Amino acid sequence: MNTVILEQTLNGIQFGLMLFLLAAGLTLVFGIMDLVNLSHGSLYMIGAYLIATFTQALDSFWLGMLLGIGVTACVGVLLEMTILRQLYKRDHLSQVLGTFAIILIANESVRILWGPQPLTFNPPASLAGPVELFPGFEYPAYRLAIMAVGALVAAALYVLISKTRIGMKVRAGAADREMAEAMGAKVSWMFSGLFACGAALCALAGGMLGPLLAVQVGMGESILILAFVVVVIGGIGSVRGAFVGSLLVGMIDTLGRAVIPSLFSGFGPEVASSVAPALAAILIYLLMAAILFWKPKGLFPVGA
Amino acid sequence: MQAASILAATPTATPLRSVSGATSHSLSAAVTLPILLGLLLLPIAAHFYGQEYFLSPVTRVLIYAVAASSLNLILGFGGMVSFGHAAFMGVGAYAAAALMMNQVTSLWIALPVAMGLGAVVSAVIGLISLRAHGVYFIMITLAFAQMLYYVAISLKFLGGEDGLSLSARGSMWPVLEPLDDTALYYVAVLMLASVVVFIQRLVNANFGHVLEAIRINETRVASLGVNTFRHKLIAFMVAGALAGVSGALLAHQSGFVSPSLMHWTQSGVLMVMVILGGAGHLYGGIIGAIIYGVLEESLSGYTEHWQLALGVVLLVAVLVAPQGISRLILKRTPK
Amino acid sequence: MSALLDVAGVHTSYGSSKILADVGLTIAEGQVATLLGRNGMGKTTTIRSVLGLTQAQSGSIRFRGHAIERLSADKIARMGMAVVPEGRRIFANLSVEENLVAFSANRNSTREPWTLDGIYDLFPRLKQRRRNMGNQLSGGEQQMLAIGRALMTNPYLLILDEATEGLAPLIREEIWACLSKLRAQGQTILVVDKYVDRLVTIADCHTIIERGKVVWKGPSQALADDRMLWERYIGV
Amino acid sequence: DTLKIGFLTTLSGPGSVIGNEIRDGFNLGLKHSGGKLGGMDVDMTIVDDHQDPQAARKTVDRLIKRDKVDLITGMAFSNVLLPVLPQILQSGTIYISPNTGPQDYAGEKCDPRFFAAAWQTEDLPAAMGKFANEKGYKKVAIVAPAYPGGRESLNGFKSLYTGTVTDEIYTKLDQLDYSAELARLRSVKPDAVFYFLPGGLGVNFIKQLNAAGLDKQMAILTTGFSADEDVIKSVGAPMTGLFNASQWASDLDNEANKRFVKDFNTTYGRMPTLYASQAYDVARLIDSAAKKTGGKVTDKEAFRVALKSADFASVRGQFAFNTNQFPIQNIYMRQVQALPDGKLGNRLIGTALANHKDAFAAECKMK
Amino acid sequence: MSTVLRIDNLVKRFGGVLATDKACLDVSEGDIHALIGPNGAGKTTLIHQLSGALVPTSGHIFFQGENVTGSSIDKRARQGLVRSYQITSIFKPFSVHQNLTIAIQGRTRETLGMWRRASYVQTRLEEAEQLAIRVGLGSKLGQSAAMLSHGEQRQLEVGLALAMRPKMLLLDEPMAGMGHEESGQLVELLLGLKRSVTILLVEHDMDAVFKVADRISTLVFGRVIATGTPDEIRRHPEVRKAYLGDEFEEVAA
């Protein structure tokens, strides 16, 4: 029984860390450029498609990953320079409309380029099987790799944003763009760079999750909402908050799916089959509502 | 008053605008009447050309126009960006379906019930979420809408995830048999017209002015002695009630309700309609719903990849008409 | 002494409303200059034009011998101009110390640049609050921070737009003393403030604007002697 | 004369593999009928239903009212079919299901205008239940998505399985990560796991099950839906040895099937799946019925009777409609093996249920 | 003279910072009571608590004898306790006229009507115009507030508070950013309100404070260290040390 809890905890952490990769970019772009970027999920999708394609073409997962991340970052910068830049000074509503439009365009373009059917690709053979963590307990090696990558990125990002002068300038640009420029910050470059980072993180998440889930049109939207939930729980603009929020959401989601059905098993599988998954899904939103009720600006509120 | 001396010198470079009490949103007859007339005559033209099919999508657009207008009331005028408006539509739709299941077929019952339920549910959600602001409000409303969505999924007796088919269309006195497409169309037209008139009166009245002031600076309104929470809650309930009605009508129009009516993407589409049309413009919701609906219906007829075209159109719209299409067409300068 | 800043014939408007008409202003290196006038006359607009925050329609602005009227604000700032803006505009999501450090630089290549310690000596209050976020400061503390933030870039030209607004008399006096000290060190400064009686003792030269036009220019002595000017243009 | 067909199927998302097979199979059937059906030109509108009932209802409304189609076919999933079927049947349009065969319409709600040409949803899972008995699995855990097709499939398995069902797990229909469910399986320790997860869902499930090392701890049971060529292609070697029930197999020995498999391979460059075979049969069925009525489908009743006689050479060999217009057919057992050409594929190993009739026909009042 | 506002042992803590530290203060009816103190002494924090924007950690606030410590901003405003903001808080997209009519609507509680046109209420429009003239914005009636200069916005800020016809006004640095002339006008305005409105004035402009104040309290580190007449305060050694400075006499003279 203990190993179930351990396994589910690991699953929760793994899901949470992947969510973090998406939420980190989202929270930075949101908190710092004050851009509500619904198309963040599209970059995740594009990254996944590119990495799947490169992996198949080059027959190497890691090469494909590297190339895919690079290209996605470029796509991100291109998007930022051509369209999103126009939206920074607009209100959140225009941003919602504009980036919603980008979702539609990205989805259809991918559908045209790659077809409507999902792509599948496999993790590197070395990570395909299970590893024995301790006698009698096996866990998928690939999921462990995902955790390692997520944790590493989290640490690097934290240092970059909160400990370096670049990080400070970026945050200053977020608080008051004009003032930051008057202090000598080249805000537009900083923002492009930041956006490239966000896009790269998206691609990384897409590439890591691709072999596990599926690379398909619309994959961005379903996870986007969760990423937004994470961002808000953590406090908009806070990388630390995104980290904690991701783990919370990942954990609640996984444990909810694991525990709730057994609570309902007494009512028979019919009831359990309809009520339990729904209730498990509600948990996350309940969590968010509760957190916002007690801490209206999220767990780690940033600035004004 | 001894202190009444006006500043000796003030730059008068800025042109003076006409002095009115507060912002005015007028219902211009030159725009409304032709549209209303056109809408009333449309079924006749459709029958004449044998294109009755089009009444269905047009009815749908009108119903969405009601929902979008109700969202525009709180989002555009009140600054409450609700990302869960589809939930109220869903509540109305389920109310209509549940009544139908119990052989209550009259829309005279279904619509008020949906309206009441919409108001009650929005009151509950509003009581909790209206304390939050900005993005946090957006997310809390989303959270509640998602909860309702999953509740709908888990309610076996309402069809659960699989949804519920309505056995037939409702009737509406004086029409005693199930409404056909044309009759339902007229119900929708009537509904939209009354909602527009109601909203127009509301936003030009005292309540509307206070609502707009709350959007701009809520604390300041509170320090002027106004209980801002109560005003926001009232607006939120009004919008929820109207959305409920539109949901009930949609249920009868499509004959099927399912949780996907309440999915967050539906709320997103309603928001997109409002922003596209022009948040805070009297016609914003309607014009947005029409443009979105017409684009969707017409483009999907031409190409499988209609979403690409739709995306491009929306993007261009946001770039050239930052205040929404209605302000572009109707040339009303924003405040 | 050469002119550090030379503004000539500047016209600026916000949208369709013309605010500045033919504004001219020259500050020599090492001078302390002021810009005076009633509320709404265009002082801030002049400063914004110089800083590149609002584009001037026409006219020339030269800084350290370069034409800067078409340059972006960040470029101009890096050339060595720093502002204490009206309304303070502290970065709310940075701590006091981060506000000071984020943009610190030695833009005028002085041998004794301002450092964190220097600023803390000047405003001990800030040292007590160094870990607070920008938005957790009182109005006056924010004002001190804004001045410190500008000094930390070691600019050629320091611009103060109502930098004593909201400061307690004691602190205000310290600011005046600080300005005198800076002047003694050869710092070039442009000040907008309403305490004209203090400014005449600190500054070298003054420019008065009225409805976007320069109506008077002259040295401190001339201004001090002509109380009529005060009444007419500054409302004292 | 032209025959207007509304072809609505799932072409995007995790279920799109199925819709794709159905479309390709149907098109091949159409080609084999000479590009015409019953001698009539075919005007076919293919629309993606996105596996979304709301969207499907709008499309059907358009197909019926604007395009005035003669018949509709194509849908892969019961959760799409069930909400739109009343709309179709009320308008008097015929619907021929190339895939799902929900219980409601096999029994009480059976309708003269509704034909299930593939199977009743319980059929194949029931065969696996019987197989589990034969293998002697005492404890089985069963998994399916929470939707009509999923629930019926598990009912089907339970209907013939006599051991203990240790755990009945329902997942979300759009779920792709099964880590939580796998952890549950690991703790329950059944002898075998039976799963019904159509399309991409099944691919992910078995991949993740293997990655977690569970394949060494329990036997795996599934139907042809999750062990056909599409799945084998994406999962590969770990599928080897898997038993699965299907009403069709690529190596079924009959003329129609040989031609179908060969031409499908040359046309699309891949082996067909059972979905493709079903849709192929639908095209051939329509062709045969329309021929019978002399190239006229305007007489709906005559056309219906002709359809019901099912006078065509099914790739499944024997095929007939029961009174409820659901199939009477053999259900076979297949196993994934290395084929003579070295590739992995399904091989026919026996008959699980001969001349099988679904369990609900008795409730149908049609004669 | 009766006490309108009584502050009793008020404490406000922000994490480790004691912004208000057992502050006690009585304000008498009709007085202009000035509150001075060094930057960061806790003046704004005190005003926030008086107006209801911040909840005190402990202590009580009595307005006209009633304990209002826990009541909301709007409730206090309706009772006549009205504030202006240190950081300008106006309705920027609205015109000056619209700003003032909204304020009047708040006072007259005409906020729930959903049918009758608000702009048909002639008396309200006229009152707003009078108010604009009173605060020196008569010529800017139709201009949107966003386009006013800093100083003009401060004038409007005061106008909004006056529109409430308050019994007691809390003014947080109303003169900050105003030029001499505008400050002068505001001083006149405040003197004109004397006796009819009680005023608690936070201000660093000592010329103005000494001109208008009946009583002055000095706040240092969240505590009231001295209360007295302007003359008493001017000579108070601790106040001079903490706030006014030695040079002040010559400046004020």
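In order of appearance the chains are A, B, C, D and E, and numbering begins at 1 in each one.
As a working rule, a contact is a pair of C-beta atoms (placed from the backbone, for glycine too) under 8 Å apart; a residue touches a chain by one contact, two chains touch by 3 or more.
If you want to know which protein each chain is, UniProt gives these names: A, B = Branched-chain amino acid transport system permease protein; C, E = Branched-chain amino acid transport system ATP-binding protein.
What you see is a predicted model, and the numbers here were worked out from it, not measured in a lab.
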item	value
Minimal step count in the chain contact network, chain D to chain E	2
Intersection of the contact lists for chain B and chain C	A, E
Centroid-based (C-alpha) most distant chain relative to chain A	E
Most extensive contact between chains (C-beta pair count)	B-E
Inter-centroid spacing, chain B versus chain A (mean Cα positions, whole Å)	32
Whole-Å gap between the CA centroids of chain A and chain E	48
Centre-of-Cα separation between chain D and chain A, whole angstrom	36
Between chain D and chain B, distance of the C-alpha-averaged centres to the nearest whole Å	42
Chain B, residues touching no fewer than two other chains	7, 10, 14, 161
Where chain E touches two or more other chains, by residue	147, 181-182
In chain D, residues with contacts to at least two other chains	48, 146
Contact set on chain A toward chain C in their complex	165, 168-169, 171-172, 174-176, 178-187, 237, 302-304
Interface residues, chain B side, partner chain A - complex	75, 81, 128-129, 131-133, 135-136, 139-140, 142-144, 146-147, 150-151, 153-154, 156, 160-161, 264-265, 268, 271-272, 275-276, 279, 305, 307-308, 310-315, 317-319, 322
In the complex, chain C residues that touch chain A	51, 53, 72-74, 77-78, 82-83, 85, 89, 91-94, 98-99, 101-103, 105, 107, 133-135, 149, 153
Of chain A, residues touching chain B in the complex	30, 36, 83, 86-87, 90, 92-94, 96-98, 100-105, 107-109, 111-112, 221, 225, 228-229, 232, 236, 270-271, 274-275, 277-279, 281-282, 285-286, 288-289, 292-293, 296-298
Touch list for chain E against partner chain C, complex	14, 17, 36-44, 86-87, 147-152, 173, 176-182, 184, 204, 206, 242-245, 247-248, 251
